[in-house]
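Labels for the chains are A, B, C and D, by order of writing; each one numbers its residues from 1.
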Amino acid sequence: MESTKTLEPAVPVRRPYKLVSREFHPEDSVVKVGSVVFGGPQVVVMAGPCAVESREQVMASGEFMQQLGVPVMRGGAYKPRTSPYSFQGMGVDGLKLLAEARERFGVMIVTEAVDHGSLHHVAEYADIIQIGARNMQNFELLKAVGQTGKPVLLKRGLSATIDEWLMAAEYIAAHGNLNIILCERGIRTYETKTRNTLDISAIPVVKQLSHLPVVIDPSHAAGTWQWVAPLARAAVAAGADGLIIEAHPNPAEALSDGPQSLNFPHLEELVGSLRKVADAVGRQL
Amino acid sequence: MESTKTLEPAVPVRRPYKLVSREFHPEDSVVKVGSVVFGGPQVVVMAGPCAVESREQVMASGEFMQQLGVPVMRGGAYKPRTSPYSFQGMGVDGLKLLAEARERFGVMIVTEAVDHGSLHHVAEYADIIQIGARNMQNFELLKAVGQTGKPVLLKRGLSATIDEWLMAAEYIAAHGNLNIILCERGIRTYETKTRNTLDISAIPVVKQLSHLPVVIDPSHAAGTWQWVAPLARAAVAAGADGLIIEAHPNPAEALSDGPQSLNFPHLEELVGSLRKVADAVGRQL
Amino acid sequence: MESTKTLEPAVPVRRPYKLVSREFHPEDSVVKVGSVVFGGPQVVVMAGPCAVESREQVMASGEFMQQLGVPVMRGGAYKPRTSPYSFQGMGVDGLKLLAEARERFGVMIVTEAVDHGSLHHVAEYADIIQIGARNMQNFELLKAVGQTGKPVLLKRGLSATIDEWLMAAEYIAAHGNLNIILCERGIRTYETKTRNTLDISAIPVVKQLSHLPVVIDPSHAAGTWQWVAPLARAAVAAGADGLIIEAHPNPAEALSDGPQSLNFPHLEELVGSLRKVADAVGRQL
Amino acid sequence: MESTKTLEPAVPVRRPYKLVSREFHPEDSVVKVGSVVFGGPQVVVMAGPCAVESREQVMASGEFMQQLGVPVMRGGAYKPRTSPYSFQGMGVDGLKLLAEARERFGVMIVTEAVDHGSLHHVAEYADIIQIGARNMQNFELLKAVGQTGKPVLLKRGLSATIDEWLMAAEYIAAHGNLNIILCERGIRTYETKTRNTLDISAIPVVKQLSHLPVVIDPSHAAGTWQWVAPLARAAVAAGADGLIIEAHPNPAEALSDGPQSLNFPHLEELVGSLRKVADAVGRQL
């Protein structure tokens, strides 16, 4: 088992996590995805549809992201859905569409893996492997994604503490992969107006405890597209290293998460405002 | 995909779940495991160590359960642990020890599967396949366990709503398996005195919404062995169909969950008191 | 200020609370209200309407409680309501009706005080002064109720930790009143099926930390009358010293909390079943 | 009772609150405190110590706020404390010190009232009456503060929903006072790294539902001074109308909330950075 290597006495344990801790690596770490760098001066915007639905939808999205200067496109080919009767994603066919969009529009691709089978394919086609909130403590999947060595976007679980989230990252790190980008996407609380409660404090707390880059998903936190823009601006002001935003060429017809998806004009408007906020806190976007 | 069958218009959908709903099946359903019946007049006690640690430990546990009349023994061979550096379980070797205990002491075995690989082995050796709280929305695992057709103990996720829990059961049912036992094990709240907050209300709520049997895990809820007995008695009084209790021949030396494990004399005392409470509410144990 | 007396060095502080702690007073304390004793072998049932609405309603309730052997009647004359446009209670007129019912039917009265003004009247007419969940950290009210010396039913706040709840009791104790009965009534969590989540674990936890009697309000926890009975039975099985249950001669016409109120036949049925559970755990009712 | 006036049929009720709802008053409302305007283009900074401790401390704070251009000073003379043995505030003597600082340094004063008695004094000496989180559903206090007609800073309760918070504001409005400033200060969740979880989403949600100004208290949310600055910047970026920040001339010696208080150099640095963020979102500060 690979993790035994990390148990050597040369690595003193003061917190439950060590490879991902600030103590182990005092400098900010950066994760490079092609020419995109997470954890440096740039605030990286990732955007795109919740789910891959069709060639038209993916190509329209890829083209718009290129025009807007959004360097990474999101889109789910494997969808973990609460109901077994909901659309479960296009699978490998969806991945191929994403890869085609990368080819044509020069955008990097982030997409989710949900088990060993899908991970095999996602690792082949994507630039960043997303581990979703529901799988944050799917430890067997974490071990496997650790072995790929590829950049990983690790979402915080719905009710994971910050310590548990960093321990999940430690699983990936302990299996050989430190290319980890942490993603806060809202936690479950008693408040029901928003889909989840964005824990904006997670940004400075994680930055103090860990050297890993942190990005924010304002879309799943808000659950309503009108609230995505102020949350995105808040994230940049609080020091986030990036954003992952749901946007769709036609939100009203989206197969999933339509109500929280921005249309393209609203995304464009948001990106413009984010540039000003990034500038105000000494970053660029 | 098997789930498509359930989409036929012959099954009207009034709630998000249907196969597991009380409307679909107005009578209580029962799940039979050998001669043990969940969901009938008997309150089924399951007990045993958190993790399988050694032949001595497993055989001592099996012998004691037999003497005490506890019909099902628990014990984890695959352990989902928050830290990659914690004991991860004995794997197949552990399953073989459990099967040996069943052979010698006539106890049924419930043990956890954590991914497709472990599920293959657990389905071979165990009588009841446990899906843990952290995997309650590991939908690929739910689909796979649905296809086994074997009895499943489905734990509620740490912050799963009752609707989400029943939807997780629906995944199993939609893939062909209605031998589902629901297990409430405490939910995550702001209170920190207990490890989790036992949602005792889940018993009557689930009984109203679903026909499936419901059992309670007081050990993970309490996190402290002194509080396990009152919670177990409360569960029986509230109408639980069973209990799953952590007990260890020597809690002080347990490799996991020692502080919440009963020793055998305390388990014996508890079972005696549970018999009286079961009798008071018209059940037997 | 009276509390300064308790700061004398003769009382060593090991926990944040001391007068209410088990360490300060290792034996269970009892609170006597006429011939009713909280904290002894008896499980004390308190029942009655949420709000005092009319003479007919109060007398019908008092008569039924007498017949059923319920020794304490509840009924709110001052109602803290979420909306300023909801019925706010009958005030002193309501208190007089409660006192009349006590006179005629021999039931003790528990009713809520919401500020200094209402406290003055409640202390005059009632046998037990209730401090509601929303006022658990209304420290000025706690100080004042401490000075009355009368029995107090202190409800746990909607999101109060057990430590904060015991500290609220300490406020009352530090101002001269140790006649405190703690009341768990459900806490706020993410689950929305029930109005609140009954923290049944609070019973053994508080019993370990404090010497004060603990009672359960299953009605506000459940929010739905069908779930009140199983929660009440669970409370008795877990060791509660009493129950406070909403019951109304005609729940469909109640001015507040109708959906969670039992009608009288259901209350009678419940009390019968509670007697059996109390007997099973060595108590009487 | 004044609230009956608002029950007239001329005011149609579509939400549980009406006077404070956006539907009732589509334009943003502004609350004027001397020359300070909440709800207009300016982001209003309020800062100062948690508690009034001495003349030196209050005058040093007032002088610094004047120099820094912070128009409102905070400071508690009545302190609701979890423990009866903690410092409970200087009372009227503290209010007089605050009024003296206003006189000398031209800063407006915001300070908390905890019951009818303290409200009488606070209304006399302060410019803005604060209602604390623990009293958000102390309805008798809300009614009384409604009758004063003075500007009110209404903090959200520890576990209040946004609807309950707006209903609390409705109590004040229904008793004749629409000079209400809402203050989000963090809610109680399962996460323990921060003292509370700042619900940054509350800003856009409340702005949609209500016309009232919203300010943020990053200090009580964070609980640790190092995290106050990023939260404050996030609040301004998300559209907050103001901030209330704990700052102390010597946090290490503060009688309460020292760990979350900024020292003056850090406050100065923060205010500088907030100006840039305010400018980026089209506001001034």
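FYI, contacts are C-beta pairs under 8 Å (C-beta built on N, C-alpha and C of every residue); 3 or more make two chains touch, one makes a residue touch a chain.
Here is each chain with its UniProt name: A, B, C, D = 3-deoxy-D-arabinoheptulosonate-7-phosphate synthase.
All values derive from a computational prediction rather than experimental measurement.
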Q | Longest centre-to-centre distance from chain A, chain (CA-based) | A | C
Q. Taking each chain's centre as the mean position of its Cα atoms, how many Å separate chain B from chain C?
A. 35
(Q) So the centre of each chain is just the mean of its C-alpha atoms; given that, what is the distance between chain A and chain C in Å? (A) 48
Q: Quick one: report the Å distance separating chain A from chain B, using the average Cα coordinate of each chain.
A: 33
Q. Which parts of chain D, given as residue numbers and ranges, touch two or more other chains?
A. 159, 188-190, 192
Q. If each chain is a node and each touching pair an edge, is that a line, ring, star, complete or other?
A. complete
Q) How about chain C: which of its residues touch chain D in the complex? A) 1, 3, 6-7, 13, 16-17, 80-85, 88, 114-118, 134-135, 137-141, 143, 158-159, 164, 167, 170-171, 174-175, 188
Q) For the complex, which residues does chain C have touching chain A? A) 159, 188-190, 192
**Q.** Residues on chain B engaged by chain C in the complex (per definition of touch)
**A.** 159, 161-163, 187, 189-194, 197-201, 203-205, 208, 221-222, 226-227, 230-231, 233-239, 273, 276-277, 279-281
